[in-house]
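In structure tokens below, several structures.
In what comes next, chain A is part of two complexes: it sits with chain B in the first one and with chain C in the second one.
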Partner chain A sequence: MTLLSFLPAGFLDSGPVQRALVTGAVAAVISAIAGVLTLIRGQSFAGHALTDVSAAGGAAAVLFGAGPLAGFLAGALVGGFGMETVELRRRSERDLVAGIMLGLGLGVSALILGRIVSSGSNGGAPVTILFGSLFILPPGVILPVSICGAVAVVLAALFTRPLLLAALDPDLLTVQGGSPRLMRLVHLTMLALAVAVSSLTVGAILSTAFLIGPAATATRLSARPGRTMALAAILGLIAGWGGILMSYKSYDWTDGHAWPVSFCIVALIVAAHLLLPPVFGRLLKPRQKG
Partner chain B sequence: MFADYMINAWIATSLVAVAAGMVGFFVVVRGAAFAAHALPLGAFPGLAAAWLLGIAPWSLILAFAGLGAFGLARSGEKAPHHTATALWLVSMLALGNLLLSRMHAYSNAVFAVLFGEVLGVSNTQVLAVAAIVAVTVIAMALLYRPLLLSTLSPDLAAAAALPERRIATLFLLIVALVTSAALPLVGASIVFSLMVGPASAARLMTDRPGWALGLSVLLALSTVWSALALAYEADWPIGAFVGVMGAVWYGVGRIVRWQSGRLRRG
Partner chain C sequence: MDQDALRVDGLFLSRSGRTVLSGVSFALAPGSFCGLIGVNGSGKTTLIRALLGLLPADAGGIEGAARGHRALGYVPQKIDADPYMPLRARDVVALGFDGHRYGLPLPSRRRRDRVAAMLAAVGADAFADRRLGDLSGGQQQRIFIAHALVREPQLLLLDEPLANLDMPSIAGIVSVLKRIARESGVTVLISSHDVNPLVGALDRVIYLAGGGAVSGRPDEVLRSGVLSRLYGHHIDVLRVHGRLVIVPAGETHPIAPDEPHVERLE
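Coming up: the complex of A and B.
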């Protein structure tokens, strides 16, 4: 226990903290895998748009008295498959459709959250949905969160090679008898799972941080996809747990007014992205020729 | 609906719609959607800080939007993964969240910053919006031809020795200006819809740039007018309707495109 003695007294015994740590860890791991694939595909914006559509789902779930996780997931799935069905030839067109979906998602979120707030039933709903609810998760949340994590990891393990190939070179996958379209759908499902759990952690509109941040940092530190994903997961995990600890401790720093945990996590993710590649980039990633 | 205290809201949102419609056209043809989304949300801490300090928001919003525009221009609008854009966006959102969490009505403030608050616009606010929009329109008029050339035909623009990078930076600054005018009214998350929805529909409806630009402004105006009417009548947050309407316009645009394609093919 001496190793953990720097932790505040009672930190690990607190139920809300335990739930936060588990949820944060699951979010970090799934987002790392889905995020690296999203970066390879060059779909940061589409991934971000998905988070805003998932916000609408989360808000709707709260309106009907359900937990937001199912709503986040449903929203992200609907958004993802919606974008997939619109026929798109050029990348700029794809960004545009992502933008339109994003606007629609935020519009619907605004509508539903406005309803919830004006009905006076849950005045905190905008913050819960948009900026997360990590410290106020109900005890029953661990099971669904773990299932989301397990499904994403199993999908990643089953389809590692075709998923990567579909992202890097879809034509080659077709030649080998695989289906790029199926892999796009698998990727979308993993993305939706990542967005849903991250939305619980740092909020729907900040879940992009988990998805893109560690993956982008890891990409600059490692060239091999598998190692990049592992590195991204570790970075996300450190930022997630560090942010939880930071938010917990900040209660003492600023006269009993804790900093939002979503701010702390995002701050660590961004700091890692700014600091690590310049320091370790050359060490870990041999410079490419030419 | 047209009571005295509403008049300012009508004027201010109409001005914003004109500017957003114009700039939106170029956002769409240049494929700068992510930047146009990140700039308003990146200015969110400016508004939050202004509220916290109890000062007029314009200078702080302009500062954050301008900073974002320069940063995004430097990182390259067309960088392959948009990573810098995404990280700028989330850092600023998180910072805004930290600032707002210090306010008493935390949740209400989050809602107002993101989704807008148009009722009770003061005379000074209208003047500030008018000034920003005037600058935007003038800048757009001056930049119209070089911007169009560098967007539609980079080769021709290179041949004409247009300063490509400076044009890109100026364009992002104009987006930042529109953002600043619109942010306190329609909300950080909705400025983007107002820029992209009407403009993307207009571009699908006609291939002539001038017409598309005009149509984009008209559609943007009709969007904010209906949004404001609904906000007043049904007590909807103004942003809700703007976001949904953007998607509706895009759908209409695609239908028009598809129909006219069928007619042309016979």
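Coming up: the complex of A and C.
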């Protein structure tokens, strides 16, 4: 254990910390894959709108006494498939639909969270839903989180190539005999899974940071699609686990006023994005022949 | 066995409820280099989308040997490639080879060799490992031509590939396409609003105007009388410094195919 001796005593033995580490890792991996595809499709804003509808779902689940994960997932799926049913003639209309969806999601979240707070039953619900609850996850959360992760990884393994081709231009996939519509549904499902698990870690509002941050940093470090996804997953994992450790340690640094995990994770994601591309981007630039 | 790569017969097409082409017929011989010429809005993109199976026909038929997913290659008009999109030129061509397939893209010697051969065929070796979004418009066109050809289609359809390119890039793309049509027997149909960059290379012209089409050898089609009948009003086809200039005389002008109305301005 000398390798891990820098960790605080009892860190890895704590049940909440273990659940946080597993959930954070799953969120990092799904978000990395879904995030890189979302960037190629130019749909970062739609991804963000999805997180706000997801917040409304999570809030509704808490209101009815269910676990927030199911609510986050249901909200993200409803939001995603809702946006999908609006037939778009131009790409520019997508931002319009996403913007309206975002407003609707936050508005409904405000309504439901207001109800929860005014009923006096759970005053912490707004912070939990919007900004995460990584250290207070119930023991039963590991199984559903792992299933979400497994489904996303299987979808990615099955559909990577047509997802990339459709992201480049849906007509190219149609001409080669594939179905861009199916790929949109697969992408939306992966996005919903990523948003739902990330919402548990950093909260619904900040799950965009997990989705877009590591993926954006990775696209500046690698030009290959597979490597970019792997790199984004590693960056997300480091930010997730590092953020958990940082938040845990911050009890000692701040006289008991610990920094929230979501702040720590997002701070690491932003720091990586600012520091890594200028340092390593040049080194990793592909060799050019001739 | 079909003699023609493609045969279009009495084709009617509409877009957003508006009829774009009404009763267009033409045939493309295998291995021919064909130009689909017409002004913007004349229905070039609509026709190409119908030939690709992306748009259903209102009436009429599309037949021939080059039908179905395996037989068609497509180069779209414009693809927005973000400079940081994590796809190298080589990856784009590989997606043309098996991008429609499911499952993990395991390393394959056959794919690697085919992709390398296609990159060489379009003269893209030098920038094969750069990101798509880093490439110039002409370089991107070469990559998408390689993407479309890597599965060895019988018919290659290109939608305005020369638009927004500088003259050297245009000449480069046309010579690549001409060579590929000659060497590999692929039928090439390339749309353009300007016939000039293509006219020396074309075996066949399909000229779209007013919802109709005429087709034939360039010297048969690019004539004042033929185009005047197609447009329904007088058209002059002039040759100025070796370039063809196609001049409509105005909707109200009667058809007078005999004499171009040219005045020399001093």
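By our rule, the second predicted complex is superposed on the first by the 286 of 290 C-alpha atoms of A that agree within 3 Å, B and C clash if a C-alpha of one lies under 4 Å from a C-alpha of the other, contacts with A are read in each partner's own complex, and residues count from 1 in each chain.
In this section, a contact is a pair of C-beta atoms (placed from the backbone, for glycine too) under 8 Å apart; a residue touches a chain by one contact, two chains touch by 3 or more.
All values derive from a computational prediction rather than experimental measurement.
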Superposed partners chain B and chain C on chain A - clash or fit: fit
Which of chain B and chain C A:Leu206 touches, first, second, both or neither: first
Partner chain(s) touched by A:Val127 [first = chain B, second = chain C, both, neither]: first
Partner chain in contact with A:Val78 - chain B first, chain C second, else both or neither: neither
Touching partner for A:Thr174 - first (chain B), second (chain C), both, neither: second
Which superposed partner A:Gly42 touches (first chain B, second chain C, both, neither): both
Contacts of A:Leu191 with chain B and chain C, given as first, second, both or neither: neither
First, second, both or neither for A:Thr228, with chain B first and chain C second: second
Arrangement angle, chain B at one end, chain C at the other, chain A at the vertex (C-alpha, nearest 10°): 80
Partner chain(s) touched by A:Leu104 [first = chain B, second = chain C, both, neither]: first
Dominant toucher of chain A (residue count), chain B or chain C: B
Shortest CA-CA distance between chain B and chain C [superposed frame, angstrom]: 6
Where chain A meets both chain C and chain B, residue numbers: 39, 42, 216
Chain A to chain C touching residues, read off their complex: 36, 39-40, 42, 157-162, 164-165, 168-169, 171-178, 216, 218-220, 222-228, 286-290
Chain C residues within the chain A interface of the complex: 52-54, 69-70, 72-74, 76, 79-82, 84-88, 91-92, 95-96, 98-105, 125-131, 147, 151
Touch list for chain B against partner chain A, complex: 28, 31, 33-34, 36-37, 41, 80-83, 85-87, 89-91, 93-95, 97-98, 101-102, 106-108, 110-111, 114-115, 187, 189-190, 192-193, 196-197, 200, 235-237, 239-247, 250
Chain A residues within the chain B interface of the complex: 39, 42, 44-45, 48, 52, 91-92, 95-108, 110-111, 113-114, 117-118, 123-127, 130-131, 203, 205-206, 208-209, 212-213, 216, 257, 259-260, 262-263, 266-267, 269-270, 273
